[in-house]
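Structures follow.
One chain, subunit A, appears in both complexes that follow, with subunit B as partner in the first and subunit C in the second.
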Partner chain A sequence: MRSPLAVFFIVLFLAVNVLFMLAPTAMLAIQAVFDDDGAFTLEYFQALAQYQYASSFENSLILSLLSATVGVIAGGLIAFAVLKDDAPRWLRSVVTSFSAVAANFAGVPLAFSFIATLGTLGLLTKLLKTWGIDIYAAGFSLYSIGGLTLVYSYFQIPLMVIIFFPALEALRPSWREAAENLGASTWQYWRLVGLPVLAPSLLAAWILLFGSAFSAYGTAYALTSGNIALVTTEISAVLSGNVVSEPQIGAALSVGMIVVMVLVLLASNLLSARAARWSVKS
Partner chain B sequence: MNRLGLGGWAILVLAAIFFITPLVMTATFSFWEGGDRYGFDSYRILLHSPKLFESAWLSIQLSLASVLALLVLLVPAMIFMNLYAPRLRPVFEFMATLPFVVPAIALVAGLSALFTGPEWLIGTPFYLVVPYFFLGLPYAYRAIDVGLKSIDLDTLTEAGQSLGASLGQIIRLVVLPSLRSAMLGSALLTLAVVFGEFTFANVLLFHTYAVYINEIGQHDPTEAAALSVASFLLTWAAMLGVLVLGGGRRPAVGGR
Partner chain C sequence: MATVDIKGVRKSYSGREVLSAIDLAMGDGELICLLGPSGCGKTTLLRIVAGFIQPDAGQVLVAGDDVTKLPTARRRMGMVFQSYSLFPNMTALDNVCFGPRVAGQKRDVQLARARQLLDMVGLSSHEAKFPHQLSGGQQQRVALARALAVQPQVLLLDEPLSALDAKVRVQLREEIRRIQRETGVTTMLVTHDQEEALSISDRVAVMNGGRLLQVATPAAIYREPADGFVARFIGSGAVFAGQAQGDHVRVADFTLPAHAAAAHPRGEPVEMFIRPEKVQLTPRNGHIPTGALAGEVRETIFLGSLTRVRIAVHGATDLHLWADLASEHAEDFKPGAPVVAQWDASAPRVMKA
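Presenting the complex of A and B:
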């Protein structure tokens, strides 16, 4: 049985996607390869090799690599500690709900929180100064890649906690008991059983975190105000006309971002297919 | 034994310090009135600013409109796709993945390149509902997909039809009730995400709540801190809603 209503809704959904998602994306690819006179050219992609744009890609990649790594390690350890047998039961619900909040507390408000805390006039900065520790004199800056990594960790770590709980729970206690019965030490269990089983989900989580940092815009915009060029802030500068550069450069930068994200997603799909091997239904 | 030793506690305490410090500092900073004086000044100023309420009201309207668009466009399409056109599933999966692959800033670049008119579409703030639909799409798709997989749609539909129910009755009385928690969960998540959304609104020059916070922050850090505290509490309220509504209820019918 086919109802016209069903056809209507399916076609409507697909049409909205094609018109407002696929078409704008295709438009970017087209815009990036035609100059103002409508002639085909690769000069805008070649322009990405200029210092300004190349360094924005470099900064974005470094920031995403660093904050994803910090997020995976710290978030993984927190999730691991919370799921221990003798951890209090309330701890788990507190950590879960706080993580859900903090993972969604990104963008401009997050940037201002950290400016109020660790900015040049931040409360913690001043407090540490009264104790004789001048962090800015010691080389720290909130407005650097390191500072941005710290700020990004505030949403990356909770994101990791949320993603990683299910993977950790899939580690079956019987595997551990079997290893112990066969005389394995804790170290041997983790090296030979735990980590190999978790490795694909760890990598998949890392890739997701990488993507979330790579496409983040609000936090960086409010924090860097041009000090550090990131791809997202470069694109917005082109779009808002703050810098003198052709719109094609913005399109080429956007296509570059999409290419990075496609590669990231392909890698993630490969790895989660591997991870699925071990998640046998119990 | 799998015990939470000294190391485990150390990790948790360090994490607590890292996550609580900025909140406490920001809250304290929002009460700062210069010198050694602390008080409610920045909150008072904000409460008397009509722009705050205008921008917050706009963001609330946009959130509600985006949730509505998402539910009206996505839920029926997914139900019908599962019932009549399961072969379209890969297409739907692809559409739900695209917003991950095309970052917000790239989508807004594409939208501005493609649509330079008509004015009734791009001139109103409700144009933002278009990109916000895609912001919520991946989450809502996942949640509703899980919800649909947890019920045996084909069997339920056949059972309903053999009992003489029309398709509309089946969807209204059987399918939608079992999707309620998935729909509520994705609705609240979309509300929270759209309410604080900055990228699209900032580039397309609409005065939403997040754009307002950024404007305030350029000249008054204590007021910006006050607004940051307020948005943290708002995010928390929305997420508590997600946890309570999304986690508490099991589907009422079906199951394998």
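Presenting the complex of A and C:
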């Protein structure tokens, strides 16, 4: 028998979910299939096939895939280096503190700090130019998908570091010792034991980073002023009426985002279940 | 199978010596238990033999070859850890296959060897289970099979039974001994449990404070402890500090019979040690024989067929003796009962203090 307090908090949690997740989602879905006169229509979903909206999904997906992958690899390696036996103990607290700040340093301030550093007239851009290295002439642009990936990495990597520390700490040193004792090389240990054990955590972290990038708005808008179409900036554009006010298109785009995230979560769950089949309690 | 020679091994951490000049020779196929209290250095010594820790000085020789600088992976030693340390992402069978697999053996050879070993440890029907689906005892059996799969020259067991409950512990230690005899592998087992050490070892190496105090058969360790620490640590009994006086030991105001004291110069500070099974107890009815101690029963501990009785000696509040009685005769010796304790003069062991 559950205690009344537990029941109260479960009901509270469900109520919050209904009010702030299910209800808005339902409202978006309804808004996306009814026109101004209240008649049912699929034209707003069909409009998503138009180039500007389709490319916004493509750009958002590429940006999220790239920045999540860069974040998982770079953040994972940093977390591993910090937790190594021979790493100084103070390094962990320094990296944790920095990561906690950096993971939350997104939006307009982050965009401007990158413009000031790596923009066409940025400090580092000019400094490199004085050394004969013109990164913009070499094809780099802060205002491209590549540039956005770099900027997103600034908060994605620290986020990965923070969420990956516990998973790495759960790797028992005695597994490494047992593998070594049985004749395994470092590579064999990681291939056969370390990475398979970490796989569910890596997948979960990747999903979190993907979602974080997919839903980011402020940084991309401040950096590209809408020049690179992303789903979030397109939603803003059709809702604010900068071009034309089409709230139903905004709703259809939002439903599209939800569908993408649900699909990614389903794929991730399938992979996680496979990767973690050894930890499922019988 | 191989001999192991540990020669002059020393290890310090931050200036604190945890192992001081350890010399230990293990015969081919021998099972030696490193026994001692927590922090005595026994696990450090085992990990030096395994290659996880480099000694500051000294050598480890296996079958005559110096392996001191050899990486762990190339030492051909099987190790069983206190916490089992099975790979959680692999079944019992795959765990046992791991060593042959990383050595590049063919899959059918790996499987045949692994299945043979799982059969040896009685877990054939559990080969498809993951570690979390096995009990602690089963996990440790798999760990033992995994360690043996690489056909190790030396088997190292780091407190392999300490995480198990009492009944499983007894079963598994007997099984370890049986398998060790069957395979004939030279084995070093670390434990702080004296009963475990005495029951399965060919020889016991008692350690304390980073030093090896005595290496001998379980019977010799029990009967002839080398010093007061070993006497106190192995089994139970009373240790009295005193001075040798011919074939007696002078303890406080008492002169206690002990033939072994004759080996010590008169007046030399010694420790006299007597096991509880050597002490005879009778109810006190006035007369106290020469060399006997009068006292009072303070507590009784029921041990099944035996009852252990603690006696406080009259006239010396800090002197206590233990005596073992057959439980059916222990009714007369309730706490508070006046008693006389005596022993054969050949029973006590006398050691230089």
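Keep this in mind: the second predicted complex is superposed on the first by the 240 of 282 C-alpha atoms of A that agree within 3 Å, B and C clash if a C-alpha of one lies under 4 Å from a C-alpha of the other, contacts with A are read in each partner's own complex, and residues count from 1 in each chain.
We adopt the following convention: contacts are C-beta pairs under 8 Å (C-beta built on N, C-alpha and C of every residue); 3 or more make two chains touch, one makes a residue touch a chain.
If you're wondering where the values come from, they're calculated on a predicted model, not measured in any experiment.
Look at A:102: by the touch rule set out above, it reaches subunit B but stays clear of subunit C.
In the superposition on chain A, A:192 makes contact with subunit C only, while subunit B stays out of contact range. Taking subunit B and subunit C in turn and counting the residues of subunit A each one touches, the greater count comes from B. Of the two partner chains, subunit C is the only one touched by A:178; subunit B is not.
Across the interface of their complex, subunit A is touched by residues 1-4, 8-9, 11-12, 15, 18-19, 21-23, 25-26, 28-30, 73-74, 76-77, 80-81, 83-85, 88, 91, 95, 97-115, 130-131, 133-134, 167, 192-193, 196-199, 202-203, 210, 213-214, 217, 221, 224-225, 227-228, 231-232, 235-236, 238-240, 242-243 of subunit B. Across the interface of their complex, subunit B is touched by residues 1-3, 5-7, 9-10, 12-14, 16-17, 20-25, 27-28, 31, 74, 77-78, 80-82, 84-87, 91, 96-98, 100-102, 104-119, 121-124, 153-154, 157-158, 173, 176, 211, 214-215, 217-218, 221-222, 232, 235-236, 238-240, 247, 250-251, 254-255, 257-258, 261-262, 265 of subunit A.
For subunit C in complex with subunit A, the touching residues are 50, 52, 71-79, 81, 83, 85-91, 98-99, 101-103, 130, 132-133, 146-147, 149-150. Partner subunit C is touched in their complex by these residues of subunit A: 172, 174-175, 177-185, 188, 192-193, 196-197, 278-279, 281-282.
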